[in-house]
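One chain, chain A, appears in both complexes that follow, with chain B as partner in the first and chain C in the second.
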Partner chain A sequence: MAQKNKYKSLILSNLIIYGAAIILALGVISIFVAVLGYNVLEALRTLLTTSFKSSFGFSETVKKAIPLLFATYAFTIPFMIKFFNIGGWGQMLFGGTMTVVVGLTLGPLGLPSIVMVPLLLLVGIISGGLFALLAGFLKAKYDINPIISTIMLNFTAYQFVNFIATSNIFRDPNEGHPITRRLSESSLMGFFGEIPASIILAVIAIIIVYLIMKKTRLGFEITAVGHNLTASETYGINFSKTIMVAFFIGGALAGLGGSLEMLNIHGKLIEGFAKTSGAQYGVFGILTSLVVAGNPLAVPLAAFFMSVLLVGADSLQRTMQIPVEIVFLSQAVIVMFIVIIRERYGKGIK
Partner chain B sequence: MVENDYINCKNISKKFGEVKALDDINFVVRKGEIHGLLGENGAGKSTLMNILYGLYSPDEGEIIIGGEKTNIKSPLDSIKIGIGMVHQVSTLVPDFTAVENIILGSEGEKFTLPISREREDIIKISEEFGLQFPADVKIKELSAGVKQKIEIVRALYGGATLLILDEPTTSLVESEFQQLLKSLKVFVDKGVTVVFITHKIKEVMEACTAVTVLRKGKVQARVPKEELGVENLVKLMFMEQDIEVTESALPKVNLPEIELSEKPVAQVKNISIIGDDTSPGLKNISFDIFGGEILGVAAVSGNGEKSIAECIIHPTMLDSGEIFIDEKSMKNNSPVEVFANGVFYTPEDRIKEGILNEGSIKENILLGHHQEDRFLKKKIFIDWKEAASAARDVIKEFNVATPDEDLSIRRLSGGNIQKAILGRAFVSPLKLLVTHNPTSGLDISTVEFIFNKLVELRNKGGAVLFVNEDLDELMIVCDRIAVLHDGELKGIFKRSEFDKFKIGLLMIGG
Partner chain C sequence: MAFITSFISSVMVYTTVYTLASLGILISGRTGVFNVAGEGIMLASASAGFLAAFLSGSWFIGFLAGALMGAFFGLILVFVHETFKVNQFILGICLVIFGSGLSDLIYKLVVGVRLSAPIAPDTPEIIIPLLSKIPVLAGFINQDIIVYFMYGAVIISWWFFYKTKIGLETRAIGENPKAADVVGINVSRRRYLATIIGSSIIGVAGAYLTISITKTYSPDISAGRGFMAIGIAIFASWKPQRAIIGGFIFAFIEVFAFQLQILSDKIPYQFFLMLPFISVLVIMVIYRKHIEFPASVGKPYSRE
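For the complex of A and B:
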């Protein structure tokens, strides 16, 4: 009974916090739109409804939401033990690049799709995980701040993409710009209508993260270290192990996201692409994670909502010539409002 | 009022939540004194001085300075009337130099750099008072003794004529202490009055010209120079003046005679930990704990008692020596492996070390047991049903006042948090409980409840290592008391040999 009431009041307080923050943020967007001389109502409608008005809008939203989901997890899980993984971007790139490398190398063997796709996804998971584990290890062993190591690893991953795209082994000789050859058909993933098949893996990942965090000893240890490191160590939880595992899981999810982008969206690696689309997910992943205060269970909803705004923003630019930056700006404003309201008026999410 | 009373704190009381830190304190300092403020840990020394300094405001009482009633609202006010304080923990900015630190927060001309004029003033003061230090080296490069000089000069630079030193000797080596003693004499010559806070009688004897003894928030006595004597001070520090108060103010427990186990539950053999700035470490300590006894460890805080409690759970802390549980060596074992042998622990600071304060009671009860088979399914999944049922048992057995096990633990009062933490130790079969200051800040009925739980375990043949800074409490509930001073074991007393004076004296190194 008390249990039920507790959840009711939690849900209510979350609704109030997020509702208020979103309304405030939409207010800020409206002011900018109005000052720039556009029609406010029209702009708000475009921003919020584009994702739901056409199947194209919806599938675009899902296509953005999937990598964003993984990028958000990449930040959120280490953040549960109060460490910043700024390297979600790099871990995605590294996972994606390794996927392409292995995919192109194994391509000539002509393995069937049922072997190739899971194998390549595993490559993405493991390489992303190991890439992040490096940062966790450096913290555990040498007390190096993961903010620094993950930023450095981002540069490394970015250069790795370019190295692979321009290397003679993988490069497509027919392209002017450095691009790798396309992965073989049996390596690629299909679509349900316009929805990418990677949605299945996103759902599986959501379930697994939920299970790990809520049901397993590992999840309990991560939560405990996040709540109180001293008490956790007093009662036998190994900090070094926990931080390495948390970074590994975060990186593995980012790597899976990168892998899915390669297998389901791009099919090849393009030099410099990391700077545009990849970087976006890295930054928005952090933003989205901050919105949910590092609560992994709230990540899916938040990632979807952020994607709605991203797609709406594209549409604003296309249909009303409103600069897309307005929306980026207002996303930051939303995050700020949520953080302020949450800190000021009690904890929401938990 | 006596003519030359300089500081007169009248009827000061202060409560922190339930805890009465100060109870109707009258405290007088005369001009030119080096006035010792002596008392055990938690006696209220820092609180009283923080009130004088304006950091806290008293619930009741008034402060009269130089015959005038004052209204000190903040350190800014107290600095203006010539009060300077050097706190127990350093408040210097590690990345600034001494000069920068001293100027920081002092009232001078704003926005004028360079600071060469102030620098000269500072160096002049430091020379005048015999407190030389390198002026332009970053604080983090300096030793504890030098930092302290800088803090003192900062207070003097602010114009202090009353200097409050809160446990200034904690991190000093003997030679630095001797230097400090010399400086104190200089202060008095130059017209600065000193309040010297300490829990060490030896220092009072060497340094002070008058002493006020605090005990559990009350003034025991103001002792003038002529009456200063070790014996006298030990009595004041550790013993109630009024026997009747003792009877009613201490919890009662019943310790029936029982058989000790044949073999010791735990053997501590020649353990040592190398000391550092913050702790004296442990120096070759050996003792046994048998089933059916409560072994107390009496120590003034900071004498290695925390290491004793911790190293049993974390044997890897030891630099040498070995600990055996049931004759099995725990060498290089992790806490989890130690727990698996029927040992459990409740740490000194229940909030900082004991709980996940954002977690529920259930999660907190599980902590430390989460690796046990009983709470796992298929080795990796936590059996939350089992955890909930264990938590409900604890709530029931230990009278934790809560509607259910899902309540966030930080909603509980201190006493209930402590009961939950203690209850957690009993979730799995318990052979040895190591518990550190479990009763600090709790009301008498809760203390009694906790004592009875310890005795219950003892009566069932379990062993308890009860590390506590309150000697009265130890004498009530322990079968034996081991005394620790400066990391050394000074003796172990049987119940028939309990002598408050003797033990108290050993605790302070006498």
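For the complex of A and C:
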């Protein structure tokens, strides 16, 4: 009975926090919009309804929500053991780039789609995972703060994207910008109507993350280390190993996200992707994860809501000439408020 | 000789950026506030400082605006942390995102899109007679006033932390805030002061990028230097006299990589651009045994 009441109050306080978060989000954005002299009601309506007014808006939202989901996981899983993986961006770029490298290299072999697509996704998963593992390793072995190492790796990955997109082997000679050749048809993933097929992998990832975290020993170890390091070490959990595994899983998910972007959305590596939408997913992945306080189970919904705001922000810029930066900087303010509320009134809420 | 002198001269320009930024980080770090928002502060100050300098026509007002913008960020960081005990790293990350959004936003609002980019007024140079004729040494001293400001800031903060009683007390807060509190030091007030002063120094570093180095604004101008400054502060074991050495090393790598990029066509230039970031990690691995941290850095303190 006590257990049941505990759950009830947990759900209630979470509802209050998320409710407050949404109200705050809209409030802060409204203030910025009003200060700059735009029509607040129209801006809010555009921001919230663009995703649902047309099938184009909805499919855009789903297209953004999928990579955002993976970027959010990339931060969330290491955050469960209190480490900051700022490298979701870099891991996504590295996973995506390696996918294109392998895809273009194997392209001439003419392998069927059923072999190519899973293989390339695996390349994305593994390379993203290994790229993050590097940061986990530097922490476990040399005690280097992952905030620093993942940020440095981000910039390294960015240069790597640039290197591949401009290299003579992969570059498309007909393009003025650094863009690689297009992947062969058998490497690409299709669409259900306007919804990208990558949604299947997003759903699978959501289920697998749930199962790992709730039903396996590994998930238990990660949760235990996050709650109480000393106790978990006494229990025999290897801290260094847990760090590295958590970073690997986070990076692997980011890498998968990058891979899906390449196979399902772009079909090639575009250098500009790194600085525009790619960077956006990296940043908003962190913010989304902070909103849900590192609770992996709440990630899908939060990522979708964040994606609604992102699509709305693009539309604000297009239709009302409101700079997108307003929405971005409001997000940072909102997350700060949510963290304060949680710190202050939500002790023990996970 | 002339080549070495001019090489050192451009290294010193970037040394100023790195050193000021890491100095700002280590000053607040000494009281236990780990400021990871450097990148966001530099971006916001680069934009605000440039706009102020451009609109007023005065380099000084530009740097003042940059410093004030930095102080504003420092105030948010320390206020939210001290009042609500929110994790400093989370706050720092939020402020980085806030700063990068703010920098583009205010530039767009004030300047908008123009055919030719506006140019900042000149920053005065100080040429010391006679000494400036000596090769190599000339590279260190034939510089604008902000480079001298950096020399001064390093010397003053070294003197403050190691030669004054208040400095010793301030370092004590970083090591053990409870003990400092017991002997009557106002921990919270020191943290406010250190974070605000430190952040405004980071703001000067940001303003220096736009007002003096590029003389114009472009998005994402600090390009990760605010993050590398964290690495330098750690490498320097939070000591001002070592921060300038760290700043020099990374500036050297950056300028050197840039020169190589022009000279060499065998190795793709992207690898030279990666070099500064990879060196941060390599240097931290090599020097990890010599790195000391203020014991309380990053941790909240409340009387309980």
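The rule is short, and it goes like this: the second predicted complex is superposed on the first by the 341 of 350 C-alpha atoms of A that agree within 3 Å, B and C clash if a C-alpha of one lies under 4 Å from a C-alpha of the other, contacts with A are read in each partner's own complex, and residues count from 1 in each chain.
Methods note: a contact is a pair of C-beta atoms (placed from the backbone, for glycine too) under 8 Å apart; a residue touches a chain by one contact, two chains touch by 3 or more.
In this text, all values refer to a predicted model and were calculated from it rather than measured experimentally.
S.K.: Chain B or chain C: which reaches more residues on chain A?
M.R.: C
S.K.: Answer with first, second, both or neither: which of chain B and chain C does A:71 touch in the superposed model?
M.R.: neither
S.K.: Given the touch rule stated above, what does A:84 touch, chain B (first), chain C (second), both, or neither?
M.R.: second
S.K.: Is A:33 touching the first partner chain B, the second partner chain C, both, or neither of them?
M.R.: Touch partners of A:33: none, neither chain B nor chain C.
S.K.: Of the partners chain B and chain C, which touch A:93 in the superposed model: first, second, both, neither?
M.R.: neither
S.K.: Touch test for A:283: chain B only (first), chain C only (second), both, or neither?
M.R.: Touch partner of A:283: chain C, not chain B.
S.K.: Tell me the contact category for A:216 with respect to chain B and chain C: first, second, both or neither.
M.R.: After superposing on A, A:216 lies in contact with chain B but is clear of chain C.
S.K.: Once the two structures are superposed, pull the chain A residues common to the chain B and chain C interfaces.
M.R.: Touching chain B and chain C on chain A: no residues.
S.K.: Can you tell me which positions in chain A touch chain B when the two form their complex?
M.R.: 2-3, 6, 215-221, 223-224, 227-228, 230-236, 238, 350
S.K.: Looking at the complex, which residues from chain B come into contact with chain A?
M.R.: So the residues of chain B in touch with chain A come to 313, 334-336, 339, 345, 347, 352-359, 363, 366-368, 370-371, 376, 380-382, 384, 403-404, 406-407.
S.K.: With touch defined as at the start, can you tell me which chain A residues reach chain C in the complex?
M.R.: Residue positions touching the partner: 36, 84, 86, 138, 142-145, 147-149, 151-153, 155-156, 159-160, 162-163, 166-167, 275, 283, 286-287, 290, 323, 325-326, 328-329, 331-333, 335-336, 339-340, 343-344.
S.K.: Using the touch definition up top, name the residues of chain C that touch chain A in the complex.
M.R.: Within the complex, chain C contacts chain A at residues 36, 80, 84-87, 89-91, 93-95, 97-98, 100-102, 104-105, 108-109, 220, 223-224, 227-228, 230-231, 234, 268, 270-271, 273-274, 277-278, 280-281, 284-285, 288.
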